[in-house]
């Protein structure tokens, strides 16, 4: 009995190394196969929605999708089995995505059309960075995230003001243009305002009265100008980070007080006056 | 008599705490209810303009709007009563908005359709920051405003030049394209120029002659390029602010070794470890 | 005879003060009247092109334009007479614009329709800064110009590469899409490429084949990404300027070697070692 | 025999100076002629695709193209003959472009229509900088390339995330909008998402259901906001470069007073006036 359990343990260990590890040949190979299958499955779902392709190859597409779904299901079960704390994996970001990636196909047995939801598999692509495991890239994405996070609050305040302006401008345009030119209701007018303010400009709705065109011109110039604000916020963050990295060093940590950032040529900690290690 | 007045005084005090304060439970609760009602009332006005919804629920919508209007009216009156200097409130930014928020409904008794103007209630959303009272956020919005204010003049000069260019380009396109392609007059051509220069590009008017398309290409590249200018202005402001706040001071000279440049928050000289003067 | 010439001289002096000066009451008043007339004349030309307005008020519009033209002509002649070096004025930027502002109306006697060219009067608006004479604003516009000038070369190199890409992409799209979807010739395809790359996107021409849409997506992402380049160039210039102004002082000029830029707290010139004035 | 070979050698030398050199009068003249011919040949290919021009001048256009092709062919052969290491030239970037520039015309003998590919000649324009040989410009383009290269990785990570979002949003819109509004398949929906996210906005496909318009608004604001990211990345690079080149060094310590931070080009300590070490 103990021996059997031990065999199972060894199996679990092996599986874990393959599924979660990226250092062994098998582990890396599995990751690459997985990536390929994710890409394939997303393409399959896409192709299923293209009239011409679907009519010709419907059964083949469905079969392939089932094969991949079964593979993903086995992978999901093995991931749960092999890990120490399965509950933590199940409710983690990747765990939920892995589940969502297989559910739609099983649902499609009862609700035809649910298979379209398989497209959430695209979210599994986020594993890429884990798989590639290139320190440089993950360093870059950390920097990206930091800069975006640091500017998050400012950008939210900005979007809040933009949304209020959007409601006001949308209502004004509804009053000016009336129902003839497509501004059929305030929500539609607000939709138009967002289309215009973000400089997308579909042209499905556009002002036709002179006054409407005048106000629209104002909105466009506003939208053209205020794009400077989020850009300025994020850029300043990036600039701050990259400047910090270049004239100031983060490699000399003070051993006493733990402060991280010093001048490149600093000899003493600016915080507590302790001598810094010479690097 | 004195006692009655005193009762009234106490009532006024209480009301003031609820309406203007954000520290007591009641004050906070009132603010949240108010915010919810503002949101609701804006949604109501919007829905009233949507054909399908309005036909079905017209009377309900109107009733709800009246209820909210009456609530806002009472709030407005209480605000005036409870504050020390009512005149100052009435003519303040918020006071005027609070009045504008209730007026349209009363006007709609005499002028049907005026109720649409109730949408100005959206402006009451600006209270949000006062209500939330999160120091971090208000700090962020102060920084935002400062950066925008500091770049205001430069941006106005920029817009002035853009508008002159707009008039010139619009006229040129009017002459080139003629009336067949929608460039029916110079004002319309200027409208097209703004649509193009801001990269909105509805496509309701677009050049069809080769020469017109050539000039249009030039305008697009110009518009694509000069967006760099307002962006650059605002970004430089942000960068200046964020660098100023976070990095290096030249005001703290080390008294022992004479090194001049230190972090803003440095306590010890990075060069010789001497304590820095506290400025 | 001398007295008469002297009278004429006095007249010339007076005219010059009014026309070119901005310090006397009359000079300022004249400038404001001039500005108003320029604005009015531009509006007149615009209105003339609006069908509805022109049919109703054609003769009034033409009359007003003639009155303004005569006024501008007199002004132009007086400017030539009153200045010391008339030739220099005539061939200066403003001199040429002042002439172009009156010519079209006289030409319209022989070539009806030439009056539309009067819109070049809009260029006279550039006088505004001279007229307003606000040091702050002219300082701002100098800073703007400097930053744009400093980044001119980089932006030209950038536009050169963009134009070559435009030719290549345009040709590729012409081959892919064929004549059915509006890509009727390579020049038109290049026009489409510019419309897309600059994110204007009229939609008058848009790809309909899957491959065309795929390439178009690529072009859009390219255009969306490379807008970062001119923006980055200009912003870096602005940032450099504004940083230079803030941590580094330009007020301490070295009296010996003339170098202008020093640290705020510099005591000696970094260039020649001379002591700096204490400001 | 030796003399003949020597003559051939002299001929090779001369050709090389003309073709590759930019210092002699003949070499410069040849470069300018070449540039003119490239421009002409690209224009010819373009004009050939314009219906009206092609019908009228078909034979003339073809003849001109053949003349230029023969010229380019001779140039290509001479380039191979005259250079020391012909293999290296043939497989270099310019060598391949030079070959591609002549091939299509010869192919068009067997496959009519292949002549359109001659447009790749536009790539020969990249020679311009080599030809002009202006150190300032090539310096600028080096700076441009460096900044873009330094931000390449961050931008690739960014585009990767944008593409995943594109797949997810495209599928959501496909489910929401259905086939009536032009969202006929997921690939088409993804195309729409890219059109919207990059703020191009053709309007060939646009949402018509309220929910679709709501999601579209969200996508637009997202696209409007995240353009800040690539812009921020590139700008920070530019700012870093331009600051690095123009401002402050921490490598020059003053030997007398110990001040650490000086201008890059400082010769004397700003603090005590001592000469700085030359690094």
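The first chain written gets the first letter, and so on, giving A, B, C and D; residue counts start at 1 in each chain.
Please note the rule applied: contacts are C-beta pairs under 8 Å (C-beta built on N, C-alpha and C of every residue); 3 or more make two chains touch, one makes a residue touch a chain.
Model, not experiment: these values are computed from the prediction.
Distance from the centre of chain B peaks at D, each centre being the average of the chain's Cα atoms.
The two sequence copies chain A and chain B touch through a face in which the numbers common to both fall below half of the numbers used overall. Chain centres here are Cα means. That of chain C falls 29 Å from that of chain D. The mean-CA centres of chain B and chain D are about 41 angstrom from one another, to the nearest whole unit. Shared interface positions of chain D, i.e. residues touching 2 or more other chains, are given as 187, 190, 199-203, 223, 227, 231, 233, 235, 237, 239, 243, 260, 271-272. Of all the residues in chain B, the ones that touch chain C in their complex are 153-154, 157-158, 160, 164, 167-168, 171, 174-175, 184-187, 190, 196, 199-203, 206, 210, 213-214, 216-217, 220-221, 223-225, 227-229, 231-233, 235-237, 239-240, 243-244, 248, 250-251, 253, 260.
Interface of chain A with chain C (complex): residues 199-203, 231, 235, 239. Within the complex formed with chain D, the chain A residues making contact are 42, 45-46, 49-51, 116-117, 119-120, 122-123, 125-126, 128, 136-137, 140-141, 143-144, 147-148, 155, 159, 162, 187-188, 190-191, 194-195, 197-204, 227, 230-231, 233-235, 237-239, 241-243, 246-247, 263-265.
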